[in-house]
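Input: structures, listed below.
In the two assemblies presented below, chain A is common to both, partnered first by chain B and then by chain C.
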Partner chain A sequence: MELARTIRSMPFTAMLGIVVIAVYAVVAIFAPLLAPYGEAEIVGAQFEPWGGAFLVGTDNLGRDMLSRLIWGARNTVGVALMTTVLAFLIGSIAGLLAAARRGWVDMILSRIVDILMAVPSLIFTLLALSALGPGVMNLIVVVAIMDSTRVFRLVRATAMNVMVMDYVEAAKLRGEGTWWIIRREVLPNITAPLIAEFGLRFCFAFLTISALSFLGLGLPPPLADWGGMVRDNASLISFGDTTPLLPAACIAVLTVAVNFVVDWLLHRASGLKD
Partner chain B sequence: MTEPRKRHPLGRMIVQRLAIGVFTLFIISVLVFLAVSLLPGDIAQQILGQSATPETVAAMRRDLGLDQPLITRYFHWIGGVLQGDFGKSLANGRPVADLLATRLPNTLFLAAYAAVIAVPLSVLLGLLSAMWRGSWFDRGVNTLSLTAISFPEFFIAYILMYWLSVQWGWFPSMADPGSNPSLMDLVQKAFLPAMTLVLVVSAHMLRMTRAAVVNVLGAPYIAMARLKGVSKWRIITRHALPNALAPIINVIALNVAWLITGVVIVEVVFVYPGLGQLMVDSVTNRDMPVVQACALIFAAVYICINILADVLAIATNPRLLHPR
Partner chain C sequence: MLLDIQNLKVEAKTDTGWTPILHGVDLQVNRGEVVGLIGESGAGKSTLGQAALGYAAPGLRFAGGKILFEGTDLLSMSDRLRNNFRGARVAYVAQSAAASFNPAWRLLEQFCEGPQIHGTATRKESEAFARELYAKMHLPDPNNFGLRFPHQVSGGQLQRAMVAMAMACKPDLIVFDEPTTALDVTTQIGVLASIRQAVQSLGTAAIYITHDLAVVAQMADRVKVMRDGREVEEAPTREMMAAPREDYTRSLWAVREFRRPERKLADDAPASIRVAGVTAGYGAIQVLKDVEFSIPKGATVAVVGESGSGKSTTARVITGLLPPQSGHIEMNGQVLPARLQDRSKDQLRQIQMIYQMADTALNPRQTIRQILSRPLGFYRGLSGKAQTERLHELMDQIELEPKKFLDRLPGELSGGQKQRIGIARALAADPEFIICDEVTSALDQLVAEGILRLLSRLQDETGVSYMFITHDIETVRAIADEVVVMRYGQVMDRGMKSMVLDPPRHPYTAELLASVPQPDPDWLTRRIAEGAA
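This part shows the complex of A and B:
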């Protein structure tokens, strides 16, 4: 009944966060069933008002806003999730390698990360995207590399602490290889902080990709994507129409939910009880 | 400070930081320069279009110095940059320096406007919530700042625009300062973009300030002062704050990163003619000389502010000021 106790001790905000994340996941997975119209299907006139056949109206090209919001859950969150996973792969492999090998491997990797972190990541991202050109793959890779710097720092620091433990020394003396030690001794001991970090990195990737889409440099056009939808319909704001705030709110609510859960995880991990 | 001391470590540490900063700037400039060499395709071909004859392309390459080796080109480019020559825009052929001359002051004004409000506000709020840790005030500030961090910058911007401008008509929604505006005019017109930046930056800054102060308050010498019966305000002002100053200065410098990110987006939302908007437009058009110039300026400003913060943090550290 460990689980039941954990759930009961959860603060309200964390509970709310988990429920919201679950709802987003369901919407993203079942988007084709839930959306009344297709993603890029033009079904009405431009900027139709709320109500009637279109619950929250149509967008600048006459596509159903609600359907695009639902499809957006799949595209925007999906791309952000892929980016975060890639960032974790790069960051933790490099971090573990640096912690296990030390010496010049650690030197070189750490200096590269220092350089990447010496400049606001959006500036590097814009520079890289203008050099490489637009495209989903470029977007994912560039944002993932910028995002992986933080993962690297965390993994390296936590793994360093584990590497000096006696049981690692014992494994080394037994003649186990680097990867065996990383897999069996280091990884199980650093997963707790990594889970919280995954949430934070996801928020960063999600907000960065949304911002880039909003700037017109993110997911390519016919795809429904929340940041791009804000951009497409932004002119409505000056006419007192709140429709463009909807996709922005979709982004905000998910990030708030993830942050609430992460905040609780970090609070629990730090051993502070109130 | 006037009495002679044997081997003061302060000066050496400051010189060290400056050297690291200059080296970082150099590496960044190399990266910014290489971004163009990464470009698939030939810039000369791009400028002239597909119909150009091989002879004109070759002439253009010679004109642009593309036939020179990479290292020569780098030093040629950086030499120009140091003299204020950033090359010509590919989009309209105007010198990049001219574009920057009108855009950079606008952006600096907006950033300074936001910083002047955000820094005192967030340091105060962070300090208070660290002092009253676990109170309702602390929890309220924590939840609010967590929410503000989670909001995309453009969401905050459009919410402010919707209510303060469209619904209530207090402030203009488009922030074009026009030519030769008075200071009051600028303050009024840039209010919404500045407010957006304040909300974004303060949230990050106050959370980090709180963490830094909480960290200092946990130190043994604070417990010692408390046990001696020193009053609460004296503990904060005489014992905690001098030691928390260095981390707080670093927090402020780190948050310039959020300010720069925010500036880029906020300028696009409010159609504010600054460097961020110029950079986004140039990335869209792949106008590389302009992108390079903007990236270099943003990076240089950020690095310089961080060097300054490092030096200030060293200079105000009580432990370093009184070496044993």
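This part shows the complex of A and C:
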């Protein structure tokens, strides 16, 4: 009932966004079944044109472009999702703790975050990755830590608004512990902005990873990912071939779709009626 | 006739469509006349007041009727014309001046903004007019008053500056929406006097919206009583005050029938809570100075005073949220640890609190069942059947049907019902002592009376003691056994209700009592003559 009503009152853009995200999810999950060729399989000559055996041609090594786009959904989106989840775990726990405890806990956590945010994030990530060496785990951890600073700030601010409510004071007077207050009184009241922020941060993680791949510090080859695919085939642009724009378009479409959904969630969370 | 609202219908947007909130209301205002709108919350008085500016708040729409201002219909006017008209011909004064001023601009800048936009006066002229109005409103140093920022003046002064600003374009009509509700009684009287004088001397017409009968009696020439978006009755003020026609009006007039007889307490009655020589503050700011009083077992002690007098800070010290700099709190003769964290679970259980705003006192994401069962489980270890039984018992005690309410969220309850849940949460701990912090001041009169009756019945049943923090003398008269009068963080006077109040023993108590508006149209005039404002 509730779900049906929510769907009916949903604006067209949000609906479209959800459909697009669902398609991406299906492609990512069923990549082995959907892709005509293997991820790193060399199946033809370099830069074969569209049509024929290869629907959108082959890349600089002769791998099927369509297959790599499909596999790329799994890698790029999967890594971005894990990064975002990790960023949210770190950021929310630290933010909630800072808001609930205040005092020196808040002071230390906030200053650490200030320092991390003071360094341009792409440069910091590049430095950290060159020091640690590329690799999927390193990539996820470094990008997650950079992203968690934004999450920390949001969670801390929204949680502080809740912490001053009388019902939190009532819980303190009852003698409840910090974690109980965080879990039962604060968290349920900040989930709406958190969900919206999750969507946004996912987009940024996704873009950061694509950018890093383009710079050669993202997912290690031969893993297919969209940022790397743009770089690998970039030279085609000068010949008027639009193939390198395909992975870029995959990134763009998903980003827009997620933003549509996030906008709608934010709107709902803000409680505005029109 | 200046304003003629005919058969106005306004609807509000809900999840299921549009619901009417004004069902065809008429309102006429003549030049220079003050019309009072009175009613409980949800009566539609603010909606009607804003309609005089041709304005419907977000989520509302006009669904029918006419708003004629000097014969021109505001509803069929173009947006541009209506914007020119608002502010220049009709102005609006909101309840909270603090929220209506831009904190980054000086008062005078904001005063001159309207006349400049509407082109009704040059900058020089409006500055001179501002000084004239500031002087008329008895603001300090009227020549330089406008150079201050909003945070540099007191609440009462800011409200007067707001009224002055509304007059900047010399409008024909001003809508006052509860302009003194947020003020202390001693401040309110000065603002009321200023408003009345300014309105009279400029011959401005006004719509005065309030829920306080005594206030409307001072301000209005004519009063319209509203309820649930309909007019109940309308008559000249004196006529209505003397002989209201409708039952509903009479029920508003019958101010606080509930009066609990004062119980005489023996001098050596054991104290439930004793505040012993407490001095406390925040950082270097000292809020409480050597506060000393005690609350006898099973009695109600009202702590009265204006905002900033230290009433709530005293409560924070008692609960352990703010450890005192010196002095201590005793419960049943034993000294309590100063800090909340150092108190035992049983000590915490004994002291409970009920808050002013039931909206922020109940977690909007928890059902009533969750809210009430937590203290039962936490303090008593009750679960399963025993818990359910106690829950039902509690709901019966606060006169709410368990089946109907236990699984609702606070947002689905009315203000009075929410306050009852707050009471039940406190009772669930089986406390020795409950602090009631302005528990009735956010409620309509009839609802508030229900809460007071409930609290005193519960006291008879359970023997709990109350500390009743309030600024409202009527509440004190209704429920208290003893009274503590506070000002500037000090106890001015304390003792039995009758000894402190009738007649007032301390000069400050006398001032407080004399500032409470009376439902007598000549009260303000008399007080001004006595030199109060």
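Criterion: the second predicted complex is superposed on the first by the 272 of 274 C-alpha atoms of A that agree within 3 Å, B and C clash if a C-alpha of one lies under 4 Å from a C-alpha of the other, contacts with A are read in each partner's own complex, and residues count from 1 in each chain.
The working rule: contacts are C-beta pairs under 8 Å (C-beta built on N, C-alpha and C of every residue); 3 or more make two chains touch, one makes a residue touch a chain.
For clarity, every value in this text was computed on a predicted model and none was experimentally measured.
Engineer: So in the superposed three-chain picture, is A:Ile21 touching just chain B, just chain C, both, or none of them (first/second/both/neither)?
Structural biologist: neither
Engineer: For the three-chain arrangement built by superposition, which of chain B and chain C touches the greater number of chain A residues?
Structural biologist: B
Engineer: Now for A:Leu61: first (chain B), second (chain C), both, or neither, which partner does it touch?
Structural biologist: So A:Leu61 meets neither chain B nor chain C here.
Engineer: Just to be sure I read the superposition right, which of the two partners does A:Pro188 touch: chain B = first, chain C = second, or both, or neither?
Structural biologist: Second partner only, chain C.
Engineer: First (chain B), second (chain C), both or neither: which does A:Ile115 touch?
Structural biologist: Once the two structures are laid over each other on A, A:Ile115 reaches chain B alone.
Engineer: Between chain B (first) and chain C (second), which does A:Arg174 come into contact with in this model arrangement: first, second, both, or neither?
Structural biologist: The second partner, chain C, only.
Engineer: Which partner chains sit in contact with A:Leu132 here, chain B, chain C, both or neither? Use first/second/both/neither.
Structural biologist: It touches chain B, and chain C stays clear.
Engineer: In the superposed arrangement, what residues of chain A touch both chain B and chain C?
Structural biologist: 274
Engineer: So in the complex, the part of chain B that touches chain A is made up of which residues?
Structural biologist: Those in contact with chain A are residues 24, 27-28, 31-32, 35-36, 38-40, 134, 142-143, 146-147, 149-155, 158-159, 161-162, 166-167, 173, 256-258, 260-261, 264-265, 268-269, 279-280, 282-284, 286, 288, 291-292, 295, 298-299, 302-303, 306.
Engineer: So in the complex, the part of chain A that touches chain B is made up of which residues?
Structural biologist: For chain A paired with chain B, touching residues are 13, 114-115, 118-124, 126-133, 203, 207, 210-211, 214-217, 227, 230, 234, 237-240, 242, 244-245, 248-249, 251-252, 255-256, 258-260, 263, 274.
Engineer: In their shared complex, at which residues does chain A touch chain C?
Structural biologist: Chain A residues touching chain C: 165-167, 169-170, 172-176, 184-185, 188-189, 273-274.
Engineer: Which residues of chain C touch chain A once you look at their complex with the stated criterion?
Structural biologist: 13, 58-59, 319-321, 340, 343, 345, 348, 351-353, 355, 357, 360-366, 374-375, 378-379, 425, 429
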